[in-house]
Every structure is written in structure tokens, then in C-alpha cells.
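Think of it as A, B and C in the order they're written, each chain with its own count starting at 1.
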Amino acid sequence: MDIIRIKNLNAGFPTKRGLVRAATSVDLTIREGECLGLIGESGCGKTVLGMTIMRLLQPNTIISGEIFYKGQNLLALKEEEMRKLRGKELGMILQNSTTSLNPVLSVGDQIAEGIILHEGLRKKEAREKATELLEKVQIKNAAVMSKRYPHEFSGGMRERAMIAIALACSPSFVIADEPTTGLDNRTMKGVISLLAEVAKSKSMLFITHDLAAASEICDTIAVMYAGEIVEWGDVDEVFSAPLHPYTSGLLNSLPERGFIAIPGSSPSLIDLPGGCRFKERCACSEERCARAHPLMKEISSSHKVRCHRYD
Amino acid sequence: MSKKNLAMSVSIAIFAIYLLIALFAPLLTPYDPFIIAGGIYEEPSPEHLLGTNDLAQDIFSQLIYGTRATLLLGFTGAILSVSIGTAIGIVSGYYGGRVDEFITRTLDIVMTIPTFPLLLVMMMFFTPGIYVTGILMGLLGSARGVRVIRSQVLSIAQMNFITGVKVMGASDLYVMAKHVLPNLLSLVTVQFVFSAQHFMVMGIGLGFLGLGDSNVIDWGQMIDRAYQNGGVINGLWWWLIPPGMAVTFLSLSLALFGYSMEDEINPRMKLTRI
Amino acid sequence: MEARYLFKRLCYCGLAFIASITIIFLLLHFMPGDYVTFYLLEISRTTPVEVIEHYQHVYGLDQPFLEHYVNYVVAVIQGDWGYSFEYRVPVFPLIGQKLWWTVMIMVPSLILSTIIGAVAGAWSGWKRGTKGDMALLSSMLFFRAIPSYWLAIMGLLVFSCLLGWFPLGGYMSINALFSGYDIFDIIHHAALPILTTTLLSLTGTYYLMRNSMLMTLGEDYITTARAKGLKESVILRKHAARNALLPMVTMIAMQCAHLMAGSIFIETIFSWPGMGMLTFNALNMRDVPLLQGIFLMGALILIAANFAADMVYPLLDPRVEESMHE
């Protein structure tokens, strides 16, 4: 049973310099209980994809395609219907917990407000539940910390608080957007194991550029490059036998695999090149890569790639 | 043409008209604004477009000549205050550290000094004159712009190219003048426009309070005269309204220009994360 | 609230007041042509030298710099702000008595303009770019560019002369001289000055609130609030407006300086017997001792306003407690 099915999704922002095409014909599915890791360099459109599912992008964004959540197309819902799903059915852990928490409200209050809204609890009960949630995300002294403000939390604790907010109304699907960025190594490990715990009981979209974290938490991996999915498959297959040169490049840039950076930089999303979008930086680009845009090709039932080498 | 450009063009056009009137005042006025040009309290007529005042002076001619005083007041004040404010702001933001701390703290205290009453006390010691008034206003108003300039300089000073130029051994003064200042130009222009507007309005206000230069015609003194000599009670609208409207439109045109420019350089809309 | 914070802010207030005293003192001491001589010669060209010297002595102008300075500071702090040339009474009680009339205009105006300005600004920022926002923004900016004196004169012309809704000026009707104080009569007289002052300060408050709101709406925690599924009205009130109000607290204190300058024109035009009209009279009489007293009172008001802002701010923003340990 698919919990999320994204079909031919396109998202673009009109700007003065032109249309920023942040996502181009994205097709993805996430099964019930599965955790999909969306990886790629920053600026490739990962966050936009997450925000599109939540429908949290600015109103002038141009979106086409379909996103089915448990069979209903989210993009066709009225704003009010969508609002009722947010927080209750779809939880989101936003990136950058420093700025994503309201500085003038206590952390407990920020967790409780969703509960009051969606579960109709009274303020006092909701605050108690908020404290329980803080305990659940392993914040020590939760009863006291619940009354504290975000600036009194450490980076790791803020991240945990963000997780608690996302989990407050036990949503069945959670999007975690770069939850480990900016944390020191030890704190990061704690947060990752917490997320791995969460992933066991929920369906999840885990957006990250941290491949190690993705391999630890996710069941499947989708690699995004310049607004499109270039490889998608089972986590072990993608990491042990990557098909797309970009995926190999990402893996080779890991410290334990030689720290070899991919040459060049991603193309501007405003004027994307024709043919394969990765050809400029690809070691094995051929003449046809400039000519034709590669299509997603199914190599096995659990592995797909967008590259001319597999035509 | 977009709405913003339209607003800017309209405001520039209005301002240009004021400027031309000020420049060519002698050609546009039928009478010397100081002489007795007819009877007293005359109503508007072809001879006296806006009638005459209690001293039998031609109000229309006074109105035209008043433009000069207003523009001079505003520009003297604005040039002085923006130069001082920008200089202090650059020094504060560029050097940072203790210099910045000292300037910011001093500024905190200076901001609690009521400048307008202080200006009034100072005016008591001087024979009123346009330049003196302009300079005093400019001096006292120079603290206003320091903060904005400072924070802008702070962000510029951190940019890579500034470090690059410094590494090449350029002197601080050179870097400030050649690299920091040009990046502030649009911000300084906005400040200049708003300061000019502020000081023109204030200068005319001083004239209204009886602190104008009696050797010069300004709209403030005209309003004051009309007000004191029954212009309001007797409904002599042609005496009271034109100078007030003149300053209001001038102020509006400058404000419109300032806001459209401010909008241009500071779109306040966050770029979308991708 | 922490005692240390309070102490620090109080020290700062003291320092600010000393700075104001020093500036006005330097002016009185060093300006060419001392104001006593100037005033006496204005009254009569043939004022004898002995008389001038006598008054210079009375006003302390013959003292050496340091002695004069110390005496001046001590006197000001003790409430001895000099003696008005024109009113022939000590300056401090005179200003104190006029101050209440000004407060009667300023406080209601400030409260009204803050409430209306903040609500309208928040609404405008929330609805940014819509027709309603644009209409409100342009009319506010329009009024903001109108000089205060012109606004007052036009108000008087339209609402008092043409429509006759309000009296032409003053603070009570002639009848009140016989029948005694009538609070409604005074309110009727105060209404137009209050409305004008409100409009004067409203536009600034609105503009700042709108800008502040635009900044706040770009913050990530607004997205977090949306991601929780909160209703837009809750996001507006609890998350956006609440945070957008923070910079307003200091701004409203700053607004007082602007209002003080405006009150000189407004009180003069409406013949309202407060500090503003006192200033106008002092200017016309070249009453420098009175003017310096008005300046000092202005400084006190601004310092008090800033202090109030410093006290209110930590109640709204929990982060201040943290930063004050620096």
C-alpha cells in the first residue's frame, strides 16, 4: 500500500531573472512504513519537494502534477482541507531549528498548540502531552524544559523539540528536512538514532545530504540532481552498486571513500541545459548525452536510473 | 511602465517643476515680492493671481520666491546631515570593535536628546538666515541616519572583495572611499531624499514659528502671516492655502521618490529556498 | 526582572540626562552674545550696564566655566531650572503645570495611534500586495508626508470653520468661566488636537508595523506554524503579530520625540495651553531660560519613554534576559 505517490510533479518559482525550475517531472512512491531518503547537493530541489507535499510554498509557485496521500490528491484539496491534514496526518520537521522555533513562545506551548487544534485537548492536558513528547524525544527534565524558551535550548535539543512538534499529533507520514545540519558530530548521532527510532513506526521522507545518516535510517533512496530524480532504489543497492555517475560521485566524495569531489557545479535552475543535466560534470558523458534527455529506466524491480548508459 | 516606475517618474517630474520654479523665479513673478504692489488684502484678480497680503505684497510672487528658500533649507540640511551621518556610519561599521561600540553607545544617548527643542534654543543665539538654519538642522539631525548606514557597512565589510582589497595593502581610507561608499550609494540617496523632505518641512515649520529670516520669503512665514492676520478667520484661502499646498506637494513628491527607491533596493521579500 | 538589568537601565537614564544638561549648559555658556544682555537690550537699547551685570550675576553667567557647570547641574537636579524672563516665575513649576495639558493630548494620541497603527500595520503586512493593503499603504504614506502644521490648519479649517463640529481652539468655552470646569467641554476642545496628533503618529506606527510584519512573515517559524496546520488567524495573532510588535516597543518611545516637535505646532494652532504653546510664546519673547527648561523637560520625557520601553521589552521577549548577562 502506497502512502505517498508523486506523479509527474513540476514546481517552479517565477523570479525577475526567469522561472526557477526547482522540480521537474518527479515520480516517487513511498510505501506504508517505508522511509525514503532524498539525497543530493544543496540547491537541487530537495526542500522544495518536501514543501510541495506539505503545500507550504509561496502562493505564486507554479505547481503541476499529482501528489496522492492515501489515495487523495493533495494538490487538488482546498486550502482548508489541506490545513486540517497538516500536523495531524502529515508532520514536518523543518530545517534549521534555530530559526524554525518561535523565539517568544515556550517550547511546550509550541508543541501543545497543534495538539489543542487537532485533538481538541484542553490547554492543560495538551501541555502535559507536550511534556510526554519531550520525554519521548529524550529531553532530560522535560517538565521543566517544556516551560523554557528556544534560546535556552542547545542545538541538539532544539532539533529534538522540532521532532516532538512534528510527532505531536501522531501523523502517519513525516517529512524530515535536513534535521542534522549544523549539529556537532555527537549530537548528530543522537538525533539520527532518534530519527531511526521514529522511522520504525512511521512512513517517512528523509531529506538530507548526509549519506551516512540516510544509509542508517532509510529503506529506499532517491537521488535528486538539478530538480529531477536521477536514481531511485533500495538503499543497499543504491549505496553498494550505484548506477548513476552522480550517485557514484556523491559516494566517492565521502571521507571514507577517498574524499573525491565531483568537478564543476550544478547548473542554474533558471536555464537548465538540454540533454542530460549532469553531462558537464560526468566522466562518462557521450555525444548522445548532449542530444537527448535521458528517461527513467527500470533496471530491476527495486532500482531505477536516469542515464543513457543503461539504454 | 510598471507602477513603481510610474511613481518614480511622477515624483521626479513634480520635483523638477519646483526646481525650475526656484531657478527662474524672477522671470515668473509679476512683482517684487517685497514691494507694495497694490492695495492691502486684495482678492485674486488678473493683476494679482493670489491677491495681496496685509502689507499689500503680491502673494503669488511671494509663493514663487518662497520655493527658493525651501529648497535651499532642505538641501543645506540634507547635505550636511547625510555627509556626517554616512561618515560616522562608515567608520563605525568598517572598524567595528571598540570604535563601533563607542559610537553605538554614544548614539543611544544622543537619541534621547530632544533635537527639535534644542534647535529652537540654538536659533535664539543666531540671526536667522537660510544657511545658518540649514546647517543647524543638518547638524542636529545627523544622528538619524547613522544606524542604517552602519548596519549596511557591517555587511559590506564582511564581503570577500573587501578582504581581498585589504590584503592587497590598500589603506583603510582608500577602501572606505573606493569600495564601501559606492556600495552605499543607493541607500545614501534614499536617506538624502528623506532628509531633504524632513528639513524642508521643518524649515518651513520654523518660519511658521517666527524663526524665519525676515529678509527672505519662505512659505512658513507666509502661513504664519496669514494665520496671525486673520487669514483663517476671514476665510482668505488664497493666502493661506497656496503656501501650505506648495510644501505639502513638495513633501509628497520627495516622499514618493524616497519610498519607490527604498522599495527598489530593499525588496524585503525573502528569496525562496531551493 | 533582574535587579542588575534595572540598575543598568537606570544608570543609562542618569547618563542620558547628564548629557542633555551638559549640552544645553555648553550652549548657554559659550554661545556668542549672552542671552541676558540680548534680552535686556531688546527691551530697551539704553539698559544701564549695571543692570545688565546684575542680571548676568543673577543668571550665573559671570561665573567661571567649571563653577558655573557644577552649579548648573546641581541646580537642575534639585529642580531649580531658572527663572522665566517673560512669565516672571520659576521655570520648573511653570513647565510642570503646562505639562499636564500636553499629556492630556499626547497620551490619548499615543495610545490610539499605537493600537490603530499596530492593528492596521499587521493587517496590511498580512495582506501584503493586495488591493486593500496597497490602498491603506498609499493613504498612510500620503498623510505621513503632510507637514504637521498643515494637517492641523486643514483640520481646523475643515472641521471647525466649515463643518463647525469642533470649537475653533482653546481649552474651554467662555461659558466655563462662569459655570466652572466642565469635563465634557474640555474633551470637546481636546478632540481635534488629539485626532490630529493621533493621525500624525499613526502613520509612522503603521509603516513600521507593516515593515516589521513583512520581515516576520519571512521567518521560518511562520512556516513551522503552518506545518502544524494552525489556522491563519492563529498564525497572524499568536506568531506573526506578536513577534512583529517587538521592534515597535522601542519605536514608540522614539515616536515621542517626533510628537513633541509636532505638539509645538498643534498646540499653537489650536491654542491649547500646554508645553507646545508655551514653547511658541517663549520663542516669540526670546525667553531663553524658559526654552532651556522646555528642552530639559523634553529630555526627561524621552528618557522616561525609553526607560518604559526597556522595562516593557523583556516582558514580551524572553531572549532579553539572556542577552543582558553580557
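Following the convention adopted for this analysis, a residue touches a chain if its C-beta (ideal position, glycine included) is under 8 Å from a C-beta of that chain, and two chains touch if they have at least 3 such contacts.
On a predicted model such as this, the values are computed, not experimentally measured, just so you know.
Asks: Report the pair of chains linked by the most C-beta pairs in contact.
Replies: B-C
Asks: What is the chain whose Cα centre is as far as it gets from that of chain B?
Replies: So the farthest one, by centre of C-alpha atoms, is A.
Asks: I'd like the Å distance between the centres of chain B and chain C, where a centre is the mean of that chain's Cα atoms.
Replies: 21
Asks: For chain A and chain B, let me know how many angstrom lie between their CA-based centres, rounded off.
Replies: 52
Asks: If you look only at chain C, which of its residues touch chain B in the complex?
Replies: Result: residues 12, 15-16, 19-20, 23-24, 27, 31-33, 35, 141-142, 144-150, 153-154, 156-157, 161, 211, 214-215, 218, 254, 257, 260-261, 264-265, 268-269, 279-280, 283-284, 286, 288, 291-292, 294-295, 298-299, 301-303, 306 of chain C touch chain B.
Asks: Considering only the defined contacts, which chain C positions touch chain A in the complex?
Replies: Listed in rising order, the residues of chain C that touch chain A are 219-221, 223-231, 234, 238-239, 242-243, 246, 316-319, 322.
Asks: Using the touch rule from the top, collect the residues of chain A that touch chain C in their complex.
Replies: 54, 56, 83-88, 91-92, 94, 96, 99-105, 110, 113-114, 117-118, 149, 151-152, 162, 165-166, 168
Asks: Flag every residue of chain B that touches chain C in the complex, lowest number first.
Replies: 108-118, 120-125, 197, 201, 204-205, 208-211, 223, 227, 232, 235, 240, 244, 247-248, 251-252, 254-256, 259, 268-270
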